[in-house]
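Listed next: structures, encoded as structure tokens.
Consider the two complexes below, in which chain A is the common component and chain B and chain C are the respective partners.
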Partner chain A sequence: MTGRKPENLRSYLAVVYPALMLVVFFIVPFAIMVTISFFHRDPGAFYTPVFDIANYQNLFSALFVRVLIFSLFIAGLAAAVCVGLGFPFTYFITRMPRRFQVFWLVFLLSVLSLSEVIVGFAWSLMLSRTAGLSNLLVWLGLMNKPVSWTPSFAALLCGLCYLAFPYTVLVLYPPLSRLNPSLPEAARTLGASPLRTFFTVVVGALRNAIVAAFVMVFVFTLGAYLLPQILGRPHHWTLSVLITDRAIYQSNMPMAAAMAIFFMLVSLALVVLTMFIGKEKKVAS
Partner chain B sequence: MDGIVLENINKQFGSVIAVADVDLELSDGRFVCFLGPSGCGKTTLLRLIAGLEAPTRGRILLAGEDITRTPAHRRNFGMVFQSLALFPHLTVGENVSYSLKVRKIDRDTRRRRTESLLELVQLSGLVDRHISQLSGGQKQRVAIARALAIEPRLFLLDEPLSALDAKLREDMQLELRMLQQRLGITTILVTHDQREAMTMADLVVVMGPGNRIHQVGSPLEIYRHPANTFVADFIGTSNLLEGTCDKSGEIRVDRVHLEVAELPAEILPDSAVTVSVRPEDIRVLPGIESGNNRLPGKVSFIRDLGSSVEVYLDCAGIQIISHSTPKGRPEIKPGDDATAVLPPAACVALKS
Partner chain C sequence: MTVKSAFCSCRNNGWRMGAWLVIIACITAIGIGLPSAFAGQTLKVGVYGGYFKDSFDKHIFPDFTKETGIKIESVAEPTGEAWLVQLEQAARAGVAPADISMIAQGPMLKGQKTRIWTPLDLNKIPNHQYLLPHFIHKYPDGRVDGIGAVSWYITLVSNTNVFKTPPTSWADMWQPDKKDKLGLLALVSNSFLLEITAKTFYGGDDILNSKQGILKVMNKLAELKPNVKLWYRDEGQFQQALQSGEIPMGQYYHDVATLAAADGYPVRSTFPKEGGINDSGCWTVSKASKKLKEAYVFINYMCRPEIQAKLSRKVGTAPTVRREVTGLSAKEFSAVSSDIPPIIPRYDLYTGELSDWISQKWTEMVTK
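Showing the complex of A and B:
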């Protein structure tokens, strides 16, 4: 009996720490944001603390809906591109000898150390007319004169994928390297070509990992704030840009909070839906 | 000839030799076991036949046709892996019919074939089960059914029974053997368990040190006439007696003259020999007796297992084990003087 109490206390403490962190750094700020989203904006001052659902009622402007859809669209597209490229890429890495695997992983980790600002300006420079890749193509005789590829949708997509790609590979690497090498071999002996083996067995057996990677990149890209402004035109700006604009430049904190909360709920719903579809497929097959 | 022929097969991984100088002819309809301790290259040899590895040197012929460079998916061989390698995201039925689907066989035929295969391995009614819902033995059967779905030219099994418990393993051995006889399909099984090889095989290929083949023969032949000391030691238990062969071709072990059934040509006069005698061939007599093929000594231990009796003799430093039936048990107890009688027909002389 005497021995049990400190053990209880210790296990209790082990829960307290993460709970405390969660409350201080997540729940409290979130609660503040929820509260502010119901305040009334005062154009002269900042806002007045009254309960007001006008912010949510005013949410559905044409601009907001368009930007919301665009944000979800480009995040989904970036996630699809990253997983589509990253899955075969990671598969080939895991089939390499150990030291090549380490090289690639270290390389990808070093890419992660670059800041979003540097990545953004590097891409912007690389796609520019004056110093960009098109000059190289002109020099090679593949193009007549240099052109500017930025700002554009494609430039933005490239930038986002570049940022998210290392994360995709790092998320996919553990499940892929744990894949039993006999599985593709079994498919080969059963008559499946290497390509068919890849799609029916490797992709099939790792469907959960693919869905998880997709969701991760999607959520990661949704928050993009800097790249849309560097590589995109104003109509490529994502909701994060719009929210910042409301909050900082128009000093409409309640509106920005309402937008952020709505955005969060929509993306949460989409993530849950994606997970659900991933599970459903597994049971159905 | 029909069947499969391996010509001078060598396989190296970097500087490691996995399979050395394998020449083997396996005729159709046989049940062949590749037997050997772990790391002797038996699994690599099977993977070479399956097309999952390419030989560094040598040729593989199937019914006279060179298939050395044919990729695995064009060989039409069924293989059961050690880990079974069942597709975890597919049901039992989808696993079994995978190869049929790859070959674009229509849905009805696929369903009928899957049902009859599951019936064959006694798993009817589990078509829609998930792999994770199966027991070890059931998974085994699914893997076998899956490998047999295309009516393969060759049925390859890589230690598929090693994960099962002893009872289930013996049941599966018999079942697999009967299945093979019924289908008449050429089968190669890789195993390190000599009992398994003895139970199932028509032909045993013993592999060992040097990653080469040490002996090819029927189970009984290999047991009765081991080709060298490694085979004699690896297959069953054997008494290996160190001796010498003098100029006239007479073998002596510890000053006792040992008559042997035949003296292989490879044993040169005036050289060291090893004589292998199976424990069940050795008779133990009470008291000290001298003469040819008689080793006198002391009983050090008797193990009575009920169904058989094992007598351990210490004959002037040479350990001898004798197995007898309970009826044939000699009237002795530990500490008594006793003599081991080694019948000439049971003594196999081997080069040391």
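Showing the complex of A and C:
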């Protein structure tokens, strides 16, 4: 972090432990996955450790491409919604007195303790016809009869955003709270409206934080595989759902590994592209 | 699982020799003859973890030990194929994590390919005479490799508040008034909807013998899609929705639906005239087990009509033996089974050469 070269053996030792953990818990499992993705699949059995590129050749079905595009689309949309709502929300929190800030942060942290399963079932209940919110609207006289809003695209998007929102705020909070208050004040003094100040000065100064939050939520939602099953219809199932089906229910580990690796590479390329665009803009401005 | 598979596949050659020696030693030992008294012997029995294991530990194993003197060490095994992988890898090292295991039909067929199941001699299981014929599982060459352990039904369930009259046929699911009202299992290999559709509309599962036939059945199933609100992988997801009437019809486990109805929920389970789906698990003996003699005693005990009746009463499984020998009352029997001939799943479709093709076509059909 300091950018200096370690000076003695002890400073090297300090990084041995994290490096070891990285190797054991990330690099080794990942290497096994890459290896298995090149193994030969025996239909009706498991796989034989023989080099075979067929798993990657069989990837490009219309189904795979469609599901891949949908997965990237919904993750991107969820990230956009989360950052769109989370950025102004976090900005207002940072302008609040200290104890209100603490209250909101603790509240959001406690939301994080809920598992994907609980969040999924809670949303499906809340949007159901028999016990859901629409009953409340009927009672208030705003609707004629209760309706079911789940499973649907909107239900899935709500669930994903609910899961990712606390992370968005927690990523945006440090840079926003460090934002020098004299910047927006100067803009106001020079005659900019509050809205104009927010969009040109606050958003502009924190472009990197916004890109970072977007990328984080995007990657986080790509991995969701329970919510699409609970809140979505089959054409809303993401690639993570299909990978799970292949791996667990069809014992097709080589194909599941190949799908997962390709999915990861595409997401990684998109993340790098997003970062790159963010950087370009900074240079341009 | 993946880590283990990757490692074990590279080192199994060294173990194979040892495994053979152990098997030969084991066969010799049986040939010479073990002591006839079983007192003090322990048999490791693999049972699906959770509800099944708890029920067997409570209702079945203690009485078995009391009668035969053979102690049972029950092992919780995962459902699906993970247990088969573990058994196979252990067998290569000459070890049996369980002497006897309860194995679902898909893994049964997969295990045949590596000959993991010890062939069983029916003469040593006299109670096999009570079994329904399809509960004697065989290798392609005719040797017996498994004996029906437990069986259960998937039937057509409905919410009694929403549908006042019970459905009579699986074809009822295709009716326009069921739009957005059905909950079905999401995977081709656990919903058995191909078999249901084949029996209901094409007179039997012969149509599933060719790719064209399978596609024809899938096209018929595609007509059902507008009626399906939920394709579920997790049972809990559907049961709650069925009880509340949110999703008032679908396919579900007969025994669980019957229990829910007994608890007062507005739920009924109907055996359609084409029959319910009869899925089951077999008792098998791992080729690495050295306790074949005790295993015969155990399997024979489990085939006794009164034990099957006890399982029906206490665990909710359908008897694997003929109805008339069980002594179950009409009410007890209908809580777990039916006299209507069942639809037996075509497990070969999901374990054979076509399995990946079928799964791919199925996912395309469902998600389109």
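Here is the rule we go by: the second predicted complex is superposed on the first by the 277 of 285 C-alpha atoms of A that agree within 3 Å, B and C clash if a C-alpha of one lies under 4 Å from a C-alpha of the other, contacts with A are read in each partner's own complex, and residues count from 1 in each chain.
Here is the rule we use: contacts are C-beta pairs under 8 Å (C-beta built on N, C-alpha and C of every residue); 3 or more make two chains touch, one makes a residue touch a chain.
Note that the structure is a prediction, hence the values are computed from the model and not measured.
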Check your understanding: Overlaying the two complexes on chain A, which is it for chain B and chain C: clash or fit?
Key -> fit
**Study point:** Touched partner set for A:11, first chain B, second chain C, both or neither
**Key:** neither
Check your understanding: If you stack the two complexes on chain A, which partner ends up touching A:131: first (chain B), second (chain C), both, or neither?
Key -> second
Exercise for review: Once the structures are superposed on A, label A:177 by its partner contacts, choosing first (chain B), second (chain C), both or neither.
Suggested key: neither
Review point. In this superposed model, does chain C or chain B come into contact with more residues of chain A?
Key: C
Revision key, fill the gap. Taking the CA centre of chain A as vertex, the centres of chain B and chain C subtend an angle, in steps of 10 degrees, of 160
Review point. Taking the superposition as given, does A:110 touch the first partner, chain B, the second, chain C, both, or neither?
Key: neither
Practice item. Report for A:230: first if it touches chain B alone, second if chain C alone, otherwise both or neither. Key: second
Review point. Which partner does A:245 reach: the first (chain B), the second (chain C), both, or neither?
Key: second
Review point. In whole Å, what is the nearest CA distance you get between chain B and chain C after the fit?
Key: 46
Exercise for review: Spell out the part of chain B that touches chain A in their complex, as residue ranges.
Suggested key: 50-52, 71-79, 81-91, 94, 98-99, 102-103, 146-147, 149-150, 156
Check your understanding: In their complex, what parts of chain A are in touch with chain B?
Key -> 180, 182-183, 185-194, 196-197, 200-201, 204-205, 207, 282, 285
**Study point:** chain A to chain C touching residues, read off their complex
**Key:** 29, 32-33, 35-36, 41, 43-46, 49, 61-63, 67, 121, 128-131, 148, 151, 229-230, 234-235, 237, 242, 245-246, 248-253, 255
Study note, to complete from the structure: In the complex, the residues of chain C that touch chain A are 2-3, 5-6, 9-10, 80-81, 85, 109-110, 113, 186-187, 189-190, 229-234, 237, 241, 244-246, 351-356, 359-360, 363-364, 366-368
